[in-house]
Amino acid sequence: MWKYIVKRLLWMIPVLLGIAIVIFTIMYFCPGDPAASILGNSATPAAIEEKRIEMGLNRPYMVRLLDYLNQVFLHFDLGTSYFQNQSVMSGILYRLPYTFMIAIICMLLQILIGTPLGITAAVHQNGIADRICMVIALAGVSIPGFWLAMMLVLLFAVRLGWLPPYGVGGLQYFILPCIANAFAGIASQARQTRSSMLEVIRSDYIVTARAKGLSEREILYKHALPNALIPIITVVGNGMGMMLGGTVVIESVFSIPGIGMYTTSAINNRDYPVVMGGVLFLGALFSLIMLLVDVIYAYVDPRIKAQYEGQQKSWKRRKRANG
Amino acid sequence: MGKSEVPFIEVKNLKVHYTSEGRKIHAVNQVSFSLQKGETLGLVGETGAGKTTIAKSILRILPEPPARIEDGEIFLEGTDLLKLAEDEMRKIRGRKIAMIFQDPMTALNPVMRVGKQIAEGIALHEKVSAREAEEKAKKMLEMVGIPGSRYRDYPHQFSGGMKQRVVIAMALSCSPDLLLADEPTTALDVTIQAQVLDIIKNLQKEFKTSMIMITHDLGIVAEVCDNVAVIYAGQVVEYGSREEIFDNPLHPYTIGLFGSLPDINSDVERLSPIMGMPPDPANLPGGCAFSPRCPYADETCKNTDVKLDAIDGTHSCRCLHWRRTAQMKAETS
Amino acid sequence: MKRRKLALALAACMMATVVFTGCGSGAKQESTQAAAEPAKEELQSQSNETMGEADTQTAISGGKADSVTVGIMSDPENMGPWSGMSQGRIAVLFTTYEYMITRENGMAYGVLAKNWVQADPKTYQVELYDYIHDAKGNPLTASDIVFSFESAIATKNYGKLSVIDSVTAIDDYNVEFSFNKELEIGEFENIMLECAIVTQAAYEASPDQMATTPVGTSAYLVEKYVPGSEIIMKDTGNYWQTDESLVHGTSVHNVSEIKFSVITEASQHTVALQTGAVDISNGVPDTDISKFGEGGEFSEGNAVGVVLDNLTYDVEYNMSDSSVFKEDENLRFALAYAIDKEGVNIGAFNGNGVTVKDFANATYPDYNPEWDNEEYYDYDVDKAKEYLAQSAYDGRTLRLEYISSGMSEMIAQLLQAYWGQIGVNVELIGYDQMMGQQEQYNADGFDILLKSTGSTDYIVNQWKLCWDARDYREITGGTANFVVDEELDRLMQAALSTDTYGPESIEAFHDYLVEKCYGYGVVEGPINIVHSDKITNVALDIRKQILPGACSYAQ
Amino acid sequence: MANSVAVSKGAAIGRKKKEGQFSLVMKRLMKNKLAMAGLCITLLLFLLALLSPWIMPYAYDELNMIDRFATPSLKHLCGADEMGRDIFSRLLYGARWSLALGFLATIISTVIGMIIGSIVGYFGGTVDTVIMRLIDILQAIPGILLAIAISACLGSGFMNTIIALSIGGIPMTVRLLRGSIMGVRKMEYLEAAQTINCSIPRLIVKHILPNSISPIIVSVTMGIGNTILMAASLSYIGLGVQPPTPEWGAMLSAGRTYMRDYPHMVLFPGIAIALVVLSLNMLGDGLRDAMDPKLKK
């Protein structure tokens, strides 16, 4: 297992290198330049050109790319923001807790609400409960997130005054953004849980379990759910990965200083170091989460674990067991 | 076909259908049979004839919907299983009646240790501690020829034959009174088939378990069964003791089954398969269900509802013309 | 040799504060009345005349408060003294730092500078107060001024500073600036207003070049900064200028704790004011303004004021050689006449803006009020069609380029519709800020440009942003929109030069531009300021940003 | 010992096959009311979008300052927006853009994904390792940020938005198709095809693709909905299709400032988006059920 994890961690290096090259290239070809952005609207072209030279933006593509890769991968330095005089890393680390908080709460909501909904729907397939759960789920994936967010603000913050409409602070500040953000996640979780539960419920081993005399509850939680978990975990992992970078809109509605906003406004400002650093960081985080998901797979499904551990080891194991 | 005393298990007029895409599929039609303690009954027939449905009806583990038991009674030592409450039924499953499934590859939960899967039933029915259940499960494993040290292994670490042994150990773990064996060897390699069958036979003797053996393999029937019920299109078309069926098959379908069995004594005679295809269970032909494929069928066969006719002893047959068949047989021999 | 004495300035006027509402609690009824009637007439008149002594007194000594929360649209990101400009940054700049001077109603007053003189055409000398210290107590001397300017120049973030040859300390409290050219009208003041001043000691003590820990000479010091969320500033109680009569608008500190709350979504500003989470904001959407006025849902406890922005939305024609507009003034006239400027004002600003009569708006002190009565391509479909008929327009689709942030997008759609009415097809090309800045010099990329520009001092300096060919010749060959016209250049330079600056040169340029119609102004947007009645008097800085310290508060 | 009964087993399946995969799926689909409702709504919206120039009561960009913010009435069925444009007409005409955006972006990403997926799935080995690492890279970049960056790079506009939206969708299709091809690859009929000397591209097109297509169709159906939502998010940030094109997401985003007082400005575009995404999802669910025999019993 450890060998597998180390191997996967090593694989991350070329992936991150690739991300760096891709995003650098996209930003390189982006029209507009940070020099103009820094100097503001009324800057003359001559002043902009001078600033470009000072910032090294006039150097050729390859030189800048290699310089950047050298800086990031050999000196572990994501650089300094053009605008904030602050290292990109500390900028990211500062904002990470907010984004992470939202992602974690959303993930919990997604698991705690979406999974039971999906199970209920699957158990009562085609019944009323199924219909209700699926209508909720379909609505969830169909409603634009920011629309829901603003409706929630109008209701809970403005009309009822129960919750703060924006900003960061205590836990209560995270309630509305998380609900708005988690709705789609809950919905897709419920759908995925339902369909994988349906598939599992029809499996032979569920019949075997039933033939043993186990109660439906035991069958559901001891036999069906563990088997249905793999696709469910995939959805959770993907959702988590997406939420880390994809909460831009929610962050914007609720004025939350998260990584999404940080990176998006940097794209608008052409603050290259921040864009590249942010995307790289999120990419690394995403890769780590995917690794975690795969490790959880192995924990949940011994077949996958055996696959990771490779032929040789499992052969040894069998030999030991037999002998 | 009953003896004087109450049979150990008795199935009466069982009728089951499935609903699929709006069509009603008649899987089991008025099936009746009974079984004495310690005996083995073979249910023989083609795939889709309704054998498995009968077995699952006895355990009441049919998926409902789409399946529905329309009518009938199933008595286990005098109590109608179909009328029991679900939690009463649960006490019977695994403890009094256990089942061995056709495909060992899918019958085991892939993410649960095999020992645990056996111990689970033991702990449930025998009210013993987890530790004791584990001990017993290990004993069961060893009984089917798997070292107890493999208790903590997962199904994917076993071969097909080994898995089926686990399934058998699981089924027998609570010493059930009735074992439903649903084609226990079909999915296995030929060499393993015999081993597994031996295990079942030996254990059955040891535990004095009654058994319903579902199979399409007449060889197995000859080897393990006391009585045989031939099933066609959800009906029992012929019933009798092993000897009666093997020595004197009277239903054209049964005869056909034997005809398609290669005769190792004569290398001249070719296989004579049953012509045609099994009927569409959603749209059964009127009269005798076998009539479209029957070489001896006439117009009356297609119009008359055929009853199961007692012949002698336990032997009975669902054919209008069994007498003619018997006569023909007598003449040829 | 020009010399401006601070004492004179003081006598004339002090504050750029804008009074929306009456003072005192008894005047509540009146206050909402005043608020409901959009206060712009009042404001406009104030921008052209100085306020009376009494008002000034109220503004400075009147109503103090313990705390105030200001809603701002974006995070400053970097509060360092010399970093690049951003929308969020300008909101806190004048509360954080002081500059050499300040400008109110077009007049300059010293802040750190006690007085200044022009020694020769290219040299200025400035004398500092000798008792300045920053918020942390570090004394500020001439060498700090040199340090500040040299640092700011080194960042190359400020184009206006590029004319500085050198900054030298003559002694502890006198600094000499020498320039590489003769300065134009308002240029020296703009330079003085460009560079935030800090002490070298404080700057070097800062771990992050003051990005999050700015220390200026103002009364306030950042207590807490939550990037992207809020900035809390506290009055140190140790402001250097102890002579109250010398404290100007930007330096007034009527409130002991200021919280800037970053609210990125405009509609959330309305929510924040309604729920009392913020006391004042300039981010409320136009359509929500009426809610805070008389009879509005939230008029209770809130007041509203509409100040005109210094930004003017202008249309510039692409005048490059390949453009249809180059030789076709009839087409230029046709398009100009086709726009219902009042309609644009209503559509884009809910009627809270004003239509303009020049390429720039009327908020500048050197704006000639008589232009208001002139004909300036006033909406006339018949005339537009007449000119169009005379033009060489061949039915082709013209490309209107704009920057797709703020109101430009909406104005562009309105223009498109008006031009559609006379039969001119227009396609919209929206760019983000960055791309727009680059694409505006691409002669083949557009036919018409919608731009919003503004200056903080004189009308001529707004004109300069488009029409001073000296700034753009290298790239466009002419003015910013490719006009090559020697007469225009001559008039522009005449209006800008300190020697010839005056009503005549301004008038001449105005008339010439109106006649040629290389571009024209459409509308001037409003800044919507809504505040609770805790605030009795709102003060704004030169960029029309709220100066929370200088506002007056109800007792 | 052999079994005769197994002979008829194959025959029974054979008969079912004769009915034809497609008609079977359609038959199942027809029975699913939700899916049919989804299909009908989608088709109806398509029809309305196609006919919009003839049926919309006003031009989509016709300004009318008097009717600014008009609430829904007979004159303006869904009210009017901040420039007095008829929202109903804009929704009808906007359906063209929104649907086209959703469909084109999804289909482009699917087609590219399928081509890459086929290549990867079929060849395996080094090709697989190399391309899948590239796909890993693309997938590790958060979708919305990638779309924003590409939009910033290409500028806004219809085609550019489609490109920005479609690139993020490629990895999923590649993985999906690769997975199904890996599964199908080992099956016997492929060996059979290979033994009769079928060329490799022919093998992929004729044999592998048809057998892996069902999860793709389902993911396309659902993907269109997601793409439309994503386009709405892009509009929110200020990227996406150019005004005055009444793309629904842009309408929704433009109306958000006024939603307190004129909820109809966000209500109707919101409903339009939700409706189309909902019906596509219902259709997708139905298709998945109809195409997956495991789920249908």
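Letters A, B, C and D mark the chains in the order given here, with residues in each chain numbered from 1 onward.
One rule holds for everything that comes next: a contact is a pair of C-beta atoms (placed from the backbone, for glycine too) under 8 Å apart; a residue touches a chain by one contact, two chains touch by 3 or more.
The model shown is predicted, which means the values in this text are computed figures rather than measured ones.
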Which of A-D and C-D has more C-beta pairs touching across its chains: A-D
Nearest-to-centre chain - CA centroid comparison: A
Euclidean distance of C-alpha centroids - chain A vs chain D, Å: 22
Between chain B and chain D, centroid-to-centroid distance (C-alpha), Å: 48
Gap in Å, rounded to a whole number, between the CA centres of chain C and chain A: 41
Multi-partner residues of chain D (at least 2 other chains): 152, 155, 256, 259-260, 297
Residues of chain C engaged with two or more neighbouring chains: 265, 267, 431-432, 434-435
Shared interface positions of chain B, touching two or more other chains: 63
Chain A residues touching chain B - in the complex, by the definition given at the top: 202-205, 207-215, 222-223, 226-227, 300-303, 306, 314, 317-318, 321-322
Chain A-touching residues of chain D, taken from the complex the two chains share: 133-134, 136-145, 148-150, 152-153, 155, 225-226, 229, 232-233, 236-237, 249, 252-253, 256, 259-260, 266, 270, 273-275, 277-278, 281-282, 285, 288, 294-295, 297
Residues of chain D touching chain C in the complex: 61-63, 65, 68-69, 82-84, 152, 155-156, 238-239, 242-244, 256-262
Sites on chain B touched by chain A in the complex: 56, 59, 61, 63, 87, 90-95, 98-99, 101, 103, 106-112, 120-121, 124-125, 147, 149-150, 153-154, 156-157, 167, 170-171
List of chain A residues in touch with chain C within their complex: 30-34, 36-47, 50-51, 54, 81-86, 91, 94-95, 150, 153, 157-158, 161, 164-168, 252-258, 261-262, 265, 268-270
